[in-house]
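Shared chain: chain A. Partners: chain B in the first complex, chain C in the second.
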Partner chain A sequence: MSTGNWLCAYAITRNRPSALDIGSAPRLIGYRDLGVVVSEVAPARFDRIDTLDPVDGTLAELAREHDAVVRAVFRSEPVLPLRFGTVLDGEDAALRLLQAGYDQARDCLDEVAGHREWGVRVRHTEPAATTRPDAAGLTGTQYLVRRRERLKAIQRAREDVVGSAGRLEEALRRHAADSVSRARPHGVLMNTAYLVETGREAEFHAEVEWFARELSAAGATVETSGPWPPYSFTDLELGATANG
Partner chain B sequence: MAASSDSLADILERVLDKGVVIAGDIGVSVVDVELLTLRIRLFIASAQTAREMGMDWWTNDPFFSPNAARAELGTTDLAARVAELEARLPVPGGREEPR
Partner chain C sequence: MADVGTEVPIGDLLASRGDLLAEVFTPSGTNTAEAIVDLLDRVVHRGAVVTGDVIISLAGIDLVRLDLRLLLLGIEGTPG
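Moving on to the complex of A and B:
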């Protein structure tokens, strides 16, 4: 095992160095028609990475760097982003990676070529069910009736939004090659990543707009993010089976 | 309306959690057991900032914050449950109301 020549690996792409504009630091190591984008890295940069504040500071900086390199490649070529923090032990390891994972990587690259990832998120903050009507001037019965009406209205609104978000998810799936549900923080009803062929993006976004109006009328908001390199659609482990 | 935003939270969510994994005999990940460790560190280091950014999924995860989960059950969930039960009560109006 050599030391002192660690390469931080960002992405697998096609072996067409002339098509790439990724600045001076990252470079492409090629094997047949595939290449892996790497740059020299001092492992010390990653020291205690998991103890760092994720929101600002070194971790955020490294994550943005990783994203920037992946995006730079993605501007001109299809790309398989590698997991953040992947380090190869020199050029030989990079070649072995491409050899061992050649078929898998090539198939996956063909699948995502011509596609971009879009994130769609539906947020809904409903009024608290615990607020109570003003009891002044009401009989006990009137109070209960009013309270019940209010709860029913909240529940109806919730059902409307959930139903509408479900239809949106379903409709978008028809315009996408693939979709993946992502973690949903509190107040988020839907958080899905879609892999969309570039030629179908217009219809995809028209669908989002249409449902955004419907959902907005029901008190929810729709956010989109993207275009992303296909981060969420490269669920692959390279070199494990092909080598053994 | 549809708004587009590639926030840092979106970037972290994708860059740290997704992407092709390389087998151990060829490459190494410098971020060991990356997500689990990150989750915990994220929580300790900047729960507040992250919550403001909407990255507060662990607050609903009993593994990371058992107390928070219990507290929530004690207030929000219970209140919602009471509200639901109240909504199911037969309408007292009409029948029993003195005329």
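Moving on to the complex of A and C:
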């Protein structure tokens, strides 16, 4: 039966209250050794999301809040982040979710425990192929030869960078428990999220640095983001119904 | 299962938000818009999905996801 209050759910974690500070909201609703982190929510909060300007508006603000709660728990306990906008129909619903999704959630939590997510992106801005060599003092043939050499050099540089980015991706996979490719906008050759065991982060980052020097010499940059809670590695669906 | 339904206050989680966000290392060359897109892509598009009657559907959310996808394409250009 619903208690009538809406709860915004952030993450599933271990039911270990001793690891968490005493205070007000958000709070943990526990079932066996799992807990779901929730806070009371006024539905109107979500109405304020400006779909025309999601980056600077309420969505970004709410997403940061969501992330802050997940991170606060993640500092001391493993987390299974729930998608933003997961609103539960009261405490009974939160309990039913944990009961129905118990095995799935616990397995996933065990998998990500002791790991953090890191994003690695390789960006390569090529010189414009349309830039023409200075034609002054050149014959037509010389000009065409110059231009062809220039295009070949751009092509070679591109191949070098693509090869190097591929080797980086391959090398990092060996230091990670899992990896997920992310959308690659224009100019981005590689954009991958890695799930890295905390004990292997040093070697992971040493590898990134080594390749960053190689790629830098070839005119590309390597960007790292993180540590993130394992957002990209908790791709599961937890179903719970009244009879679940 | 004596601990069924235990409710424990977690603490003033949001108080330390500034520190937590500072943990995200954004190197030079990564602008703020990209950092926010990185965050939104993880928080809004990833994470476990809950289904069934325990969930309240928020009318706005699916629309937001759709808009966000369009937005990501707009900011990031053609995937490839």
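Rule of thumb we're sticking to: the second predicted complex is superposed on the first by the 229 of 244 C-alpha atoms of A that agree within 3 Å, B and C clash if a C-alpha of one lies under 4 Å from a C-alpha of the other, contacts with A are read in each partner's own complex, and residues count from 1 in each chain.
Just so we're on the same page, a contact is a pair of C-beta atoms (placed from the backbone, for glycine too) under 8 Å apart; a residue touches a chain by one contact, two chains touch by 3 or more.
The structure presented is a predicted model; accordingly, all values stated were derived computationally and were not measured.
Colleague: Quick check on the superposed pair: does A:V208 touch chain B, chain C, both, or neither? Answer first, second, both or neither.
Modeller: first
Colleague: Between chain B and chain C, whom does A:S225 touch in the aligned arrangement: first, second, both, or neither?
Modeller: Both partners, chain B and chain C.
Colleague: Of the partners chain B and chain C, which touch A:V145 in the superposed model: first, second, both, neither?
Modeller: It touches chain B, and chain C stays clear.
Colleague: In the superposed arrangement, which partner chain does A:L88 touch: chain B (first), chain C (second), both, or neither?
Modeller: both
Colleague: Just to be sure I read the superposition right, which of the two partners does A:R96 touch: chain B = first, chain C = second, or both, or neither?
Modeller: Touch status of A:R96: both partners.
Colleague: In the overlaid three-chain picture, which partner chain does A:R182 touch, first (chain B) or second (chain C), both, or neither?
Modeller: After superposition on chain A, A:R182 lies in contact with both partners, chain B and chain C.
Colleague: Check the residue A:A60 against both partner chains and state whether it touches chain B (first), chain C (second), both, or neither.
Modeller: both
Colleague: Kindly classify A:G30 by the partners it touches after superposition: chain B alone (first), chain C alone (second), both, or neither?
Modeller: second
Colleague: Using the touch definition from the top, say if A:Q155 reaches chain B (first), chain C (second), both or neither.
Modeller: first
Colleague: Pick out the shared contact residues on chain A: the ones touching chain B in one complex and chain C in the other.
Modeller: 9, 12, 43, 46, 49, 51-52, 54-55, 60, 63-64, 66-67, 80-89, 93, 96-97, 100-101, 105, 108, 119, 182-188, 221, 223-226, 228, 231-232, 234-240
Colleague: Using the touch rule from the top, collect the residues of chain C that touch chain A in their complex.
Modeller: Touch residues, chain C against chain A: 1, 3-14, 16-17, 20-21, 23-27, 29-30, 33, 35-56, 58, 60-61, 63-64, 67-68, 71-72, 75-80.
Colleague: In the complex formed with chain A, which residues of chain B make contact?
Modeller: That would be residues 1-8, 10-16, 18-23, 25-32, 34, 37-38, 41-42, 45-46, 49-50, 53-57, 59-60, 79-80, 83-84, 86-87, 89, 91-93, 96-97 of chain B.
Colleague: For the complex, which residues does chain A have touching chain B?
Modeller: Going through chain A, the ones touching chain B are 9, 12, 43, 46, 49-55, 60, 63-64, 66-67, 80-89, 93, 96-97, 100-101, 105, 108, 119, 128-130, 139, 141-142, 144-145, 147-148, 151-152, 154-155, 182-188, 205, 208-209, 212-213, 216, 221-226, 228, 231-232, 234-240, 243.
Colleague: Show me the residue ranges of chain A that touch chain C in the complex, using the header's touch definition.
Modeller: Touch residues, chain A against chain C: 6, 9, 12, 15, 17, 20-32, 35, 37, 43, 46-47, 49, 51-52, 54-55, 59-60, 63-73, 75, 80-89, 91, 93-97, 100-101, 105, 108, 119, 123, 182-188, 221, 223-228, 231-232, 234-242, 244.
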